[in-house]
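A single structure is presented below for examination.
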């Protein structure tokens, strides 16, 4: 990674020089095209941040552009404000709009969010077409150029430099956000919001921040537009332009800010070249969007990487591939000493969880003592994972309580419970697929609260230092778990067993006091299970309490000090493993299975009378 | 009073068109979990094809309509096939893919038929029924009737036929469906094709009521979206109730708010979605776990 | 994140080229676009035609381009201006003011000395300040009074203003025909809003208050709710302020609702598109205020129609005629000042006296050349002038 830094820096310097000297080459027409391209690049970066980085479908970006432009126009022409004052107020107005548009994102996602944001954009165009203050369909003309001492910004050439300055600053800040903890959390949220919240990310706050960022960029672009064209009209902010902006971001590469800029500049130039063939241009970029989405989802900037990967795969590898290393046992007693009443760290009392008429958890009570390994077993569909989901905050209980250290936590948000020291793994792996292995750990290591993000604006040095600290600790953790050779790889490229190890490492990264493991041995072979058992014991020895859902009876018997048996959502037995294995109710539930160590059994459906799903619809 | 009923009648007629649009959306959403942003463009293609059959080929409306549905159904098949690699993998990317497909369709329509619009004569030329001063064009009654038939046919298809049951199985668990021998891709293709032909039917019916132009799909598409969500995305009765509801709301809003009517409809819709995202009848769709 | 490697050598090359071409002064100071060079004094005269060739107003744009081409073709066949041919370039503004502003810069950089178009006032408004700074005279088909508020010495209209259309119409309706109960239905785009304000002002000056005043969105195709409200007011006249297709639909839907009021409108009602959208039966009886009532109205219009039909295979209408007149004015000015450019050309246009299809052009300081329209009434698919 370091080896790339110097050529990249040189490349960036050359790019900067070329950008600086560009206006000298351009005639009156092409400089106006360049000015437009830079504006769309700024808009695209904003859209890339909210859509590509944070994963929020935002079809109202063009409305942010419009709010910035129109507020500037109205304040300067109607109310006689100075341009820069109007510009600042316009960006503030856009941020308010961004908060309004982002509010639905707290409750709804994906397509619903797309439709709502699209609807808000349509409503915005409707309003500016009708309201008298906006000049209706004829728009507002005569907007002054921004004043700058000694520089005449009515010149399109000099305006280019103003835009270049703003774009460079915006891009730098955007890249800074993306590569530091805030951006990483957003990317984690994009990849898997559930796992991110279980790892401590405040998903709601992150979504709002994403929309605020998008609105700042959109509003700034709008202000610059007003000062450049000196005229605003509704046609510029139509839905057709929103889809064009979306195409720019998708074709360029939405997860890369440089890709967004490339897409914006490229499509603006293409549009100008094809200005007399508008329908063909539209056909072209529509087709490109479809092709990119199906064949090259990372966009045009992702293609060199894919080609490189393809070439290296064809060439084959020389030398040994990366391998899993030995697990380094954790320091005993390394975790915080728990502060639990009577030594009970987790207490579940009469917990009930219903889904639309299906009762997945029915009056379950259990106590977990600090420092023990508790096993939760039962046939498929007995409510084990639902129990975990309620404990970790993914579901609100329909009845009953969950207490952590004596404090009621049922109904709290997942991030809150994570902050209180609970970590978990998932039955079906939930790793952050677009982050590297090391980044997966860095997300969980980050224990800061989202409100501390103010430092991005006021104290970026602190952010950078924090990021370096996280990187160092992640490297240590990687070594501890034997994953040091996989640090820079995407989890999806790893074998299943290693992915399982990673999820365990990620859970431990949060320095929990209570670890919930949901079928950690599923799909592992004998050797891997042995290693797993050693790791879990080491974790317990370091002071972490472990609760373990498992189907592998051998593992349960050897690891767990106590076992709870669930069937159809109720507890049918609890106690020491040997006792529970002889319990007639348990034997009945597991009819046909023996209690001796055996290879991972296939679930036996005939014995279980329950049909309730343990993973209910989310 | 008469004015009130007239507005209501007009709202119901357009509501029937929105309901048809919403039916197509809801079917695709219910069986594939996909919101098809190309639906409005497909409607527009259907309207153009039907009007071409009617005006140029001089086919009677009863033939032009089904012919347009067939042609547009093929368009739907093509879109599904192209986007198939994304199914059940990345819903957001597929959504964006449909936006791209919609753009392509709109551009293609402009290249084929130019951006000038065309008026389509009403196939039912009898004079309007007059009930207590309220004029009801018989064509509007025809549209409402056809919508009702479509809803019944779709419900029967989903509940009583093997293909329909297969589609619902795919929605519930596509891996289990594959294990049961159902070809998921083909099932999705049929769902998409039916959704597209419903859009085409809506477009063909809307032609005589409105004006066939490349933008006819935009407004009808958005109203159809809103109807489907209002009634409960994926729910068949929801599509009908939602469609009629949005039609009537829009009609009264146009009276009172005039130029701002779209804005009002949207604000109402956004508030409703925030309060109850799953709509009146609740959402019915794929399991995305 | 993006790990793309910058093509090291390629970037270096690019930078070298830039350095080699850079001047020491600020960029753009040696641009060649000042005062619209117009090519060498012996080459073709470049005139740009900017109109919507795509989007909802594209048919208007096409009619206009045909009218311009006809005029320029005839002039070139007769020897051009001082022996120089006129070269037209057509640019599509897509009905979007932002695209228009870029096109204004483009035609300046391409050396056009004059511009004909656009048909949308909003686009013309956006382009006007740039054309003025580039000293390019523009004869536009727009009719909004907001154009006049610009006070640009480079901007000229090829037809009457909206105010003229509407005040003539209002006078006819109120004074000649004695109608008292008049309803308005207009859309909210710049044309419709302009019509709304102009007609309302004209009625007010005649002492009439409308019995209903409804606004519909410009892309609305279902006018029934608004018409229903208007029907309740029982008007004698329904004034429509919308484009051709929407107007036609309005009439069709009004008649379906049983609204029997007389329909009155400005220029759009005088076009074939209005007739075809409304249907001959429903369009019957529409009162039209237009400077170009039809192709048979005079010998000049018949001659024009014959030439147009011979060239394009279909009959002309108002927009083509307006554009033809505008182009003729431009050609006359060029001939008078021997292909001058910039402010001199603008002054020459202002000095032109031309008897065209729309009437006698005599430009005033604000750039308006025609000050009257005629009233016609549609019967059996044709417009007949009222005496």
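Per-chain residue numbering starts at 1, and chain names A, B and C are given in the order in which the chains are listed.
Keep this in mind: a residue touches a chain if its C-beta (ideal position, glycine included) is under 8 Å from a C-beta of that chain, and two chains touch if they have at least 3 such contacts.
Being a predicted model, the structure only gives us computed values, none of them experimental.
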{"item": "Pair exhibiting more inter-chain C-beta contacts, A-C or B-C", "value": "A-C"}
{"item": "Chain separated most widely from chain B, comparing mean CA positions", "value": "C"}
{"item": "Where chain A and chain B are represented by their mean Cα positions, the distance between them in whole Å", "value": "33"}
{"item": "Gap in Å, rounded to a whole number, between the CA centres of chain C and chain A", "value": "51"}
{"item": "Distance from chain C to chain B - Cα centre to Cα centre, in angstrom", "value": "37"}
{"item": "Interface hub residues of chain A, defined as touching at least two other chains", "value": "126, 129-130, 279"}
{"item": "Shared interface positions of chain C, touching two or more other chains", "value": "54-55, 188, 215, 217"}
{"item": "Residue numbers of chain B (touch at least two other chains)", "value": "110, 115, 218, 259, 262"}
{"item": "Residues of chain A touching chain C in the complex", "value": "4, 7-8, 10-12, 14-15, 17-18, 21-33, 36, 126, 129-130, 136-139, 141, 155-158, 175, 178-179, 229-231, 233, 235-236, 253, 256-259, 272, 275-276, 278-279, 301-302, 304-305"}
{"item": "Chain C contact footprint on chain B (complex, rising order)", "value": "3, 6-7, 10-11, 14, 110, 114-117, 119, 121, 128, 130, 135, 137, 209-211, 213, 215-216, 218-219, 251-252, 254-255, 258-259, 261-262"}
{"item": "Partner chain B, residues of chain A touching it in the complex", "value": "55, 57, 103-104, 107-108, 110-112, 114-116, 118-120, 122-123, 126-127, 129-130, 239, 243, 246-247, 250, 279-280, 282-283, 285-290, 293-294, 297, 428, 615, 617-618"}
{"item": "Chain B residues touching chain A - in the complex, by the definition given at the top", "value": "34-35, 37, 82-83, 85-86, 90-97, 99-104, 106-108, 110-111, 115, 218, 222, 225-226, 229, 259-260, 262-263, 266-267, 269-270, 273-274, 277, 287-289"}
{"item": "Chain B contact footprint on chain C (complex, rising order)", "value": "54-56, 58-59, 188, 214-217, 219-222, 224-226, 228-229, 231-232, 245-246, 248-249, 252, 256-258, 276-277, 279"}
